[in-house]
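Shared chain: subunit A. Partners: subunit B in the first complex, subunit C in the second.
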Partner chain A sequence: MQQGGNARTGIERRTILKAAGASLAVAGLGATATACGGGSGSADGTVTIRYAWWGGEPRAIAIKKSIALFEKKYPKIKIKPEFTDYEAFWEKFQTQASGGNPPDVFQNAVAFLRKYDKRGVLMDLKTQADAGNLSLDNFRNGVLAAGQADGKQLGVPVGANTMSLVIDLKAFRKAGVQPEFGWTWDEYFEALQTIQDKLKIAGDTGYFTIMYLYDLYLRQNGKAFFTDSALGFTEDDLTRWWEDGYKRVRSGLVADPKKIEQVKPKSGLSAGLAASEFTWDNFSIRYEGEGESDYGLAPIPTTDGKDTGQYLGSLMLSAFTGTQHPKEVAQFIDFMVHDPEVGKIMGYDRGILATTEQYEAYAPSDGPDKGVKAYEEEVAAAGVLGKITPHPSGADVIEAAFLRIGGEVAQGKAKPADAARTLFSEAKAAFAG
Partner chain B sequence: MTLVKEAPAPPAGKRAAAPAAGRRGRRRENLAGYLFMSPWIAGFVLLTAGPMIASLYYAFTSYNLFTPPKWVGLDNFTTMFQDPRWQKSVEVTLKYVVVATPLKLLLALGVAMLLAQKRRGQGLYRAAFYLPSLIGASVSVGFVWRALFSDDAIVDRSQKVFGLDVGGWIGNPDYVLYALVALSIWQFGAPMVIFLAGLKQVPRELYEAAEVDGAGPLRRFWNITLPMISPVLFFNVLLESIHAFQVFGSAYVVSDTRCGPADATLVYTCYLYQKGFKEAQMGFASAMAWTLVIAVALVTAVLFWSQKKWVHYEEAAK
Partner chain C sequence: MTTATSPAVRTAGERRRTGSIAWHVGALVVLAVVLYPVVWVVGAAFKPSKDIIASLDLLPARPVWANFSGLADGISGISVSSFFVNSLLYAVLAVVGVVLSASLTAYAFAKIRFAGRNLLFTLMIGTLLLPYHVLLIPQYVMFRKLELVDTLVPLVAGKFLATEAFFVFLMVQFMRGLPRELDEAAKLDGCGHLRTYWSVVLPLCRPALITSAIFTFINAWNDFMGPLIYLNTPSKYTVSLGLMMFRDQEGISNYGSMIAMSLVALVPVVAFFMAFQRYLIDGMATSGLK
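This part shows the complex of A and B:
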């Protein structure tokens, strides 16, 4: 370049260059420092807690209102909310947790308890209960057990829910079919046949790919989807389950999976492709918004005319074992699950409120919430609620595999026996992970 | 760096007079240069080279992100080659590359030849055909594509007119990959522009001479255009196939994040993503990544080797 130029200006230029380079480097370092530092405590004793959950817009609005109440009562604790949808939530959580930086408090579900306990992420909240920062009393119908595994309280339930059959009320009425408590699978599929004959629509959206429904079926037969460390059924069991399912796709009793695929993220039920769908009862609220018919909750079909195999599942709050503010975290969880005002704000969005304080404070006024309440009262009164089995580590991966491989069966792309073998081999890898 | 080349050489006498000062000065300039490059170098080392070396190591370990990686030798690779889903992902990806790349280049070349002719508003046409390349990779176009090829949507309805009723491509494992292929072909703008540049380089005299000799349009294309643009064609084939091997976004979005139905759009990178970020089998995912790197390198090597046979460079003419 300009080698023969004026020496003095050359030096000046270089000095400027160096200064510029150095300041760039410093700026870079500075940025890193700000990003990494910034502890969650401050001089005046205020602490900040990160709280993350998955869910839709209504949940986010309600939770933020609840947080405002909490911050008013505990002015020294600030809550930083983070939320996203289910799949993104767990991908992000996994990355954060592996880097030692998960949120202090987060929404959790039974499929993840052992997984993240094994990885040393979850706090045993019993320690905080013993310290008097959190009450584990007044939980309804033994739902507190949903947060327990291996003698530890790894999550505190915020709501209870159970698997249910959501039906298109108009379609069932038009076909003259009346679901009744204790009806059998045969009666259920006969009902679907009647609907198909009379209304020319499928009866169900694809029951045999839903892990939690197969769990109920197995429980009706003295088994369960998971034992403490493995699958609780055999390849033959699953082969038969999927063979029957595929037969019903072929006959049109179960909706065409190609059509179901294309209405996503809408459900096949609210899209009018089928007259019923198995799902968690607190999800039933979405059908009213999505679909044009009226929807209601119907009993789970049984094997013996009585036992539905149902149990109370739950969304819960868990805490990061490495949090810098265990006491404040416990106080926050306590407030979120016991405070009556929070119960009024949250309603049944995450299931029927788990504690008596919140359950009694909230009187459902809209149709779907009333329906959910009546449904769970009916189920509880029937005395069919069994005990939840904590899932082994890897359950979340297996649930996704069950849906995917079942989908291949439905599409006619895998033979049931081969598909069952595939699921077992993937399950083996998931348990080992 | 062309600037350096163009700068006149310093007078010899001056260089001899102060060799030490010059060397020191150059070293200082180098230092300043490196300082300026430092953000880029830091980024490269921390965000590209470092992770790549780490992933090479992880490829030989079992690593779930939480417990320290455990050395397992070649286990990941042997498991991978026997894994039916991995085989499926290879099959899907190869099908995609082999179908999408030639079709895209054919269309790009065809349109480029039309646009190479002088006509009114040609700038407008070029911009219009290039446009999909700019927006095609975006997530929103993925959603649009999903809507276009769904049951009872525009593609399905148009097909029905001709009696071809498949009930929408998106839900059908036999068709959905071709919706992705269509999305790729639609973005033919980038190779088209390169072809256009290549076509402009072909000397007009060659065509005139050929015409005088009585060569028809096909003959002129085959014996003049194709050999003359073969370096450009080679470049496009290389770039587009490497690109196609790495397809991810369109498969992920069009299939509603599951790369289905029935794994019909399980392209290689999508399976890698599922293994790494959903199932936290980072060792397996790293092994997959390096296998892809090697496979793409091999394909590139074969292409370079093959160019002796069909790519015509002009050195001889000079």
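This part shows the complex of A and C:
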């Protein structure tokens, strides 16, 4: 049957020939022009490294510029960029990792470290540092720890970020409330109450569904969201957290979740539905672009009037343990995190530059970047920065579940106690998977 | 039956007319609901990027071309036209592959008696039950070992090997409906199987071929998962992947260009359908040989 179709179409014949040619190449019988993917060495000693990341257009353009610099300095190493958006990236990565073909170097985040280490995908970059191909010095404020788990350096941070409270400056001013370092949760909610009374808008967009904020709250109380292998809090803790949250939705202190849903993809804060929102500080540039008001970063409320529980999280670069060019991969990572020129090109796109070389090379010129820099300096100066707890495998799934189940609580579809039980059972499955 | 007491007696004709008006009004209402998203997309494509998520108006207050002219600059250093070329190549290869291989396979199942035919047919139908995700990773591993990842081959190879069981099934059913006398006549005239397939059966199958072609084209054009998994180099991305590049969860998404591009992306699909639906109806009308 194939013969018939084959005889009739040049295209099909070509396809089959190509496939045949490629399998010959695999058998080592000859080189072929169609080969791409795994085989990346060539006769003149040039090696090709695949580098993948997620992110928008500004990041893609900046990274391509950095790559051009790198290739100029290391003419024998070629970098092949691959990029898409966050969700597509991880969907693709999962298949590539299972199929034994992940990129040589890729952008990574804390929640995925143990997950892919468990599957033997991530290289321990300490071995490359020991070999002298990569420097792990000069990282600021202990951010290097964000890439560590179980005594291994699974990622090298490119930028630091921390949870923050983004506020609508105009609304806070109009209501006459002023966030202060060390303010307590009670003071924060009182401020929101004043805003609600005076301006008739909600205070917050839904704080209690954000896993990383609950983590801070737990850390303020001597716990943490994750231990090494499980959840670091009890069902009762979470029930109380969600009960309080739901009460505040009912009283209008937290914006109506239905309205928040309606304005998506815009955030409730920039839509003017509420006066504040908790998020990572490096995400805060979106509000200026989306909303009409002025936005600023405010301190995280505390339990004891002092400790915010904050730590530096990070985007990082990880390497595939099975890469054919570990040395070149390490050299590339080293260049991307230490070279001052790269720091100037990248700016704070992936968080505040992680190494002193890059941090000092880049002076932010626009408002949001300056704000983020001032904020992290303030937090660091306050001496509240703690050490990040490495996340167990499955943390990414739990973060999504926390947001979803918390959303059901907010909409009144699930009772806090039932919701907490659901989260615990889903977490159990996620840790096992 | 006796309606003498009722002053408002309506004739059958009048009743039919009100019924017909109600029917049309109802249809128009449904149409409006169905078309609303399309109108929204068209309207949004001409709005300034910031207004798309901010304003609730269906149509732009002052239409702008910025979203379309922005497309000319490309995205992340890749020209938008390359996404269209890649998608078109993928879709056209898929159509050629499916039409040829599925019809040839169908000919064998429908017209030739051979041992194990029913078993093989059942097995083929059985492949319809396999979820795509079950095959995903084994297939990926296979194509990786052949070093064909990051080419179009993994996406279209299956189409040339009649793995699209649904279209094979469709054509088998269609071919079974063709009168046996025709291929018997061809045989008497000295035709072999290939000749009968090409000169007798294939022309008669045009409606089935066109149906398969239209659906294959649309499926390939809209395919997201396949290109996502197999294509690595951004300049080889198809339209569906290119659209994702306008999204930015951490910064400001470029919704204007994204929507403008999705509008442009609709054009080939609609054009393909328009071009071939004529033959589809044509084929239906003329295939009634019996």
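Criterion: the second predicted complex is superposed on the first by the 395 of 433 C-alpha atoms of A that agree within 3 Å, B and C clash if a C-alpha of one lies under 4 Å from a C-alpha of the other, contacts with A are read in each partner's own complex, and residues count from 1 in each chain.
One rule holds in what follows: a residue touches a chain if its C-beta (ideal position, glycine included) is under 8 Å from a C-beta of that chain, and two chains touch if they have at least 3 such contacts.
The model shown is predicted, which means the values in this text are computed figures rather than measured ones.
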First, second, both or neither for A:Asp256, with subunit B first and subunit C second: first
Which superposed partner A:Glu190 touches (first subunit B, second subunit C, both, neither): neither
Residue contacts with subunit A in the superposition, subunit B compared against subunit C: C
Partner chain in contact with A:Arg404 - subunit B first, subunit C second, else both or neither: first
Partner chain in contact with A:Thr422 - subunit B first, subunit C second, else both or neither: first
Which superposed partner A:Ser98 touches (first subunit B, second subunit C, both, neither): both
First (subunit B), second (subunit C), both or neither touched by A:Glu57: second
Partner chain(s) touched by A:Phe283 [first = subunit B, second = subunit C, both, neither]: second
Contacts of A:Pro265 with subunit B and subunit C, given as first, second, both or neither: both
Touching partner for A:Phe83 - first (subunit B), second (subunit C), both, neither: second
Subunit C-contacting residues of subunit A that also contact subunit B: 1-2, 4, 18, 22, 25, 91, 95, 98, 263, 265
Contact set on subunit A toward subunit B in their complex: 1-4, 10, 14, 17-18, 20-22, 24-25, 28, 87, 91, 94-95, 97-98, 119-121, 256-265, 397, 400, 404, 407-408, 411, 413-414, 422, 429-430, 433
Subunit B residues touching subunit A - in the complex, by the definition given at the top: 3-4, 7, 10-11, 14, 22, 25, 28-29, 31-32, 35-36, 38-39, 42, 64-67, 84, 150-151, 167-168, 170-173, 256-258, 260-263, 277-281
Sites on subunit C touched by subunit A in the complex: 50, 53-54, 75-77, 93, 96-97, 100-101, 104-105, 108, 136-137, 140-141, 144-151, 153, 156-157, 160-162, 194, 197-198, 228-229, 232-234, 241, 244-255
Complex interface listing, subunit A residues touching subunit C: 1-2, 4-5, 8-9, 11-12, 15-16, 18-19, 22-23, 25-26, 34-39, 50, 52, 55-61, 64, 80-86, 88, 91-92, 95-96, 98-101, 103, 263, 265-266, 271, 282-283, 285-286, 289-290, 349
